[in-house]
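Next come two complexes, and both contain subunit A; in the first it sits with subunit B, in the second with subunit C.
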Partner chain A sequence: MAASGCRGVRSILWKNRSCGKNVCVPRSKMVPQLPVRQIYVSSSLWKKNLAAAGPQKFTQEFIDKQVEEFEVGKRHLANMMEEDPETFTQEDIDRSIAYLFPSGLFEKRARPFMKHPEEIFPKQTAIQWDAKGRPFHFLFYTGKQSYYSLLHDVYEKILAIERHQDKMRNKGLFTSDTKQILLTGSRWLLKEEIEENLVENISDQDYMRLIQLMEKLLSMPYCSLEKEFILKFRKQLEVQSSKYEIPALQYDPQGVAFSVADGRRKTAKASITLRDSGSGNITINGRNYLHYFPVLQNRVQLMFPLLFVGMMGRFDIEGSVEGSGHSAQAGALRLAISRALLSFVSEGEVEKMRQAGLLTADPRIRERKKP
Partner chain B sequence: MAAGVLTGVRQVLRGPRLVSAVFSCHGQTFSSAAAAVKSPAAATDTAATEKILNFPLTQPDYFRLSELFTMKDLFEARVHLGHKKGCRHRLMGPYLFGSRLDIDIIDLEQTAEHLQRALNFTAHVAYRGGIILLVSRRRQFGHLIETTAQECGEYAHTRYWKGGLLTNASIQYSPGVRLPDLIVFFSTLNNVFQQHVGIRDAAKINIPTVGIVDSNCNPSLITYPVPGNDDTPVAMEMYCRLFKMTINRAKDKRRQMELLKGISASV
Partner chain C sequence: MAASVRHLLKPWTPSLCFARWSRYNPYYLDPDPSKDAPDSELSPEQKELQELKTVRPIKAALSSDTSSTFNDPLISKFINMMMQDGNKILARGIMTQTLETIKRKQVEIYHRSPAAKRLEIECNPYTIFQKALENCKPIIGLASVQKGGKSYQVPVPLTDNRRRFLAMKWLITECRDNKHRRTHMYEKLSQELLAAFANEGNVVKRKHDLHKMAEANRAYAHYRWW
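== the complex of A and B ==
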């Protein structure tokens, strides 16, 4: 465009020069022409600064349209797979897509998927003020409205309890030994969990302040009035030992109880049958354990679970093991024996075994060779 | 719309000592309140709205705020008690009677006059739908001020004031945020006895401020200073009560006028 303009100007200039030679052009018609300088600019001036724009924002209409398209697509998919469109769940969608578009890619997230737009598009914070521009929340101008409003509520409850205390004192019914809230077996929510609840980022000092206020609330005699509120901020710690799968106790035709369990260590795999009312015989791969494990250390590994529980001479152990070396096989057998013992032992003992490390599989494996 | 709230108010209520050439509010400049051209179809409607907005400005005490407090109330709430003579700020001299037993005594006649002016301004801002931000950094009264703000439907900020809340608003909040039209400081000092950052920022952004200045505070950058005690709970409760009543009165009056306009328009 600039070049053509230049050419145009240059042609006018030339025309004027030529006119000046032959024909007298009236002065008023002559437009004073300034010499044109071509300016060269790079295309980066016209390119948008994509980094400065921030994360891409989607309008609500766009997301609504996507949701509509998803619902229609879901029905089409159900028809394609000859299933009922009404009862087509997300798992069915995943299964159908995996069937229709088989992919050999290792990365699961790179494979084709069809999910609800809510899960794909990032959640954007809704506009926080009304049509006139007035914010909805009264603490909007602090910047951290949810966090400060939480502190406000906690302080409100502290004041309410103090007023209650004063009332009881006036009536003469004040006692310090009121019902206390049980806090054992639970912990305060972590900073990340509170950030999730508030949908806001808070700093470490803010988190400490919140916990301090909650502790203050707990320190008051009549804190049981606000029990549900406090328990919302505490998370129950799950009992670790309940996670273990206890092998079922089986009975053979003679009525003798036995349990079967597996264990692994490095590349050794072991399988154990623990029979009750035995005399402490241990048979591995058809041979006596004295023959199979000449080294004392390995035999100690086998006996340790029984020694720990105090049932040394009670069981008959029959095991098969393969792979790896003698120490790893002993370790695998030990884990299998501990797991089999779980069905013969009480809850408290299970927890003790867990704390002794008998039920933890040793995660160490051989590290590869590096040059 | 936000800008229109304050232009008319400031032109009338500001004393002759302040020069008002061109008001720029939130970056938009206005020379008169009714500069826009209106379509003939909505002429009657806008005429009624203008009457609602402009008529209160012609009256000296439209909301009858002088009935809300007397000097005796101020005295009983211990508003006249300042800090020790050694803590006195140079510029607070004119507002004080002097000192008795080394404690500065604030002149309640001046306080009453200033308080009346401040409450009147607050009422007019609330009447025109302006955003009022109640600020204080005293931890003793933070909860009280937040509750007051909640009860009158306005906003409060009694927490740590982050640097660019007013000056860098489009980044601190979101672009297109509406800033407060009036900031009321219940105590102009922060916890380390320095002037609150909000006073300087509001002056930079042309947001009018109302402030309770004690004898150790600097009243210079505050639009409507009210010399008075900011340390006693009784005094703070009284201020909160007064501001809450003013704002509620003004908003109720506005609702009343809108209803009357609706009735007269339908009739």
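== the complex of A and C ==
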């Protein structure tokens, strides 16, 4: 701005100086000059409009070079950490980077990382047209060529299945109770996931249309022919019961099995030792549970997991709990007992306990005071 | 994949804060603390629900629910409605005393009556409570609809939850307001429950009044648009 301003100022000074020097210039000879006024512009007008360019584009050679550098760097890192370069996985890379560059930054995304270039650089489509400007794909001018070609593929498959049905009918072998594809425990891919696969943006209506077509494909009797194709669009949901960490079963010097577990509820923290001795005593913070919990509801909560599993008189419970009120302490103890019981109980029982709500930590906390 | 589900498993605050919301993500399903699954054949919807339960996270069981046979969801709901300022201990105590009083009264009647009539006398306080509540539930309710500057009482069907809520609410308000100063809540409650069991008493009368009003305002039934 100073540089652009200077030019204008200089021209005024020059004019003043010149006026100062040549005092007597006959008016008739003075050529009527149009006032020269410098337009002051800021240099921001000369800067490139970066937002209009869109996301940064990388050439295929650039990305290939990055991949090469990543592979070489991975081997160097493995050598540095004195591990085998051949079997160096991404988890090992993360661990090594965290070790070599320890960072205390709170924002996890700001910490140093080393990932495969495919994860860092967004997926881009290659150039869609040849040297003369003619597009390769026949659906290029729809704007969403991968999406529409996918719809075409699905419809082709539907037609193929119908032709197969007609053939079977002609032979007289048509049966409507053929093998059905199992869809339980999986869900359709989300719109974002499909966008990722197609490397294109699609609208909500487009997504709905695609799902409708897939459902139509599924409704046909011989859909099992296209099983792999359909399963590509289904995401398997994990069975939730596999997520629980079962505490290890430990043994006393006397040979009595016991397990230790923790539980929390609403700032109450509880820790339980479940001993397989066979008496059914419950001691909490050194006192009998009848004295510690005079309210019936809390005692019933303590016994709920044992009653559910059917092992009421089998265990000796020794627990310590602190914080919050009586009801929250009972809830924390219940969670701890359920977790400790996991090591004494079979897989089916674990799933039953989970569906009864015994294994979930209650996330409800006290709501803040508002004016 | 794990990343996309992980954010559904954390304690949740909705982006648009509603007046009533829960710390659970709506992805969570309700728990079922009853001990054993029904062994009878499951309908296809129930089978679907069972399979959905294996893949979805489940909320924690409430502090008032257990798998024992003594746990009655209707009684729990009634205790919660009777509770004031969070004093669950007091509310539960009143409920226990009410059931005890009902049992005592019925057993006294049982022993006083001749052998022929003994079979008809119901001594189980839980069945008495359930039957009494059934007798108090209104079938049709009234809703205030404004039309042309005037508000009319329009007869309207009620959902099951609403009916149960109204029955319990009427019982509790009746027992709190219309009693002698010196009677305890459990005494008055047991009297009302036994009366409702026999289709008498103020609460059943209130239900009948509501039905009569609805019948009287039958002409405005077409004002309902839902």
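By definition in this document, the second predicted complex is superposed on the first by the 234 of 371 C-alpha atoms of A that agree within 3 Å, B and C clash if a C-alpha of one lies under 4 Å from a C-alpha of the other, contacts with A are read in each partner's own complex, and residues count from 1 in each chain.
Rule of thumb we're sticking to: a residue touches a chain if its C-beta (ideal position, glycine included) is under 8 Å from a C-beta of that chain, and two chains touch if they have at least 3 such contacts.
Because the structure is a prediction, the values reported are computed rather than measured.
Touch criterion met: A:Ala361 reaches subunit C, while subunit B stays clear of it. Once chain A of one complex is fitted onto chain A of the other, the partner contacts of A:Lys132 are limited to subunit B, with no touch recorded for subunit C. Contacts of A:Val295 after superposition: subunit C is touched, whereas subunit B is not reached. Judged by the touch definition given at the top, the superposed model places A:Glu351 against subunit C, while subunit B stays out of reach.
By the document's definition of touching, of the two partners only subunit C reaches A:Lys235; subunit B does not. Shared-chain residue A:Gly185: touches subunit C; no touch with subunit B.
Touching more residues of subunit A than its counterpart among subunit B and subunit C is C.
In the superposed model, A:Ser96 makes contact with neither subunit B nor subunit C. Within the superposed three-chain model, A:Thr273 lies out of touch with both subunit B and subunit C [touch as defined at top]. Interface of subunit A with subunit B (complex): residues 125, 127-129, 132-135, 138-144, 148, 152, 155-156, 159. Subunit B contributes residues 1-2, 129, 131, 133, 143, 146, 149-150, 153-157, 159, 162, 165, 172-174, 177-178, 180 to its touches with subunit A in the complex. Looking at the complex, you find that subunit C touches subunit A at residues 1-2, 4-5, 11-12, 22-24, 31-35, 48, 51, 53-68, 88-89, 92. For subunit A in complex with subunit C, the residues that touch the partner chain are 184-185, 190, 235, 237-241, 295-297, 300-301, 303-304, 307-308, 327, 330-331, 335, 351, 354-358, 360-365.
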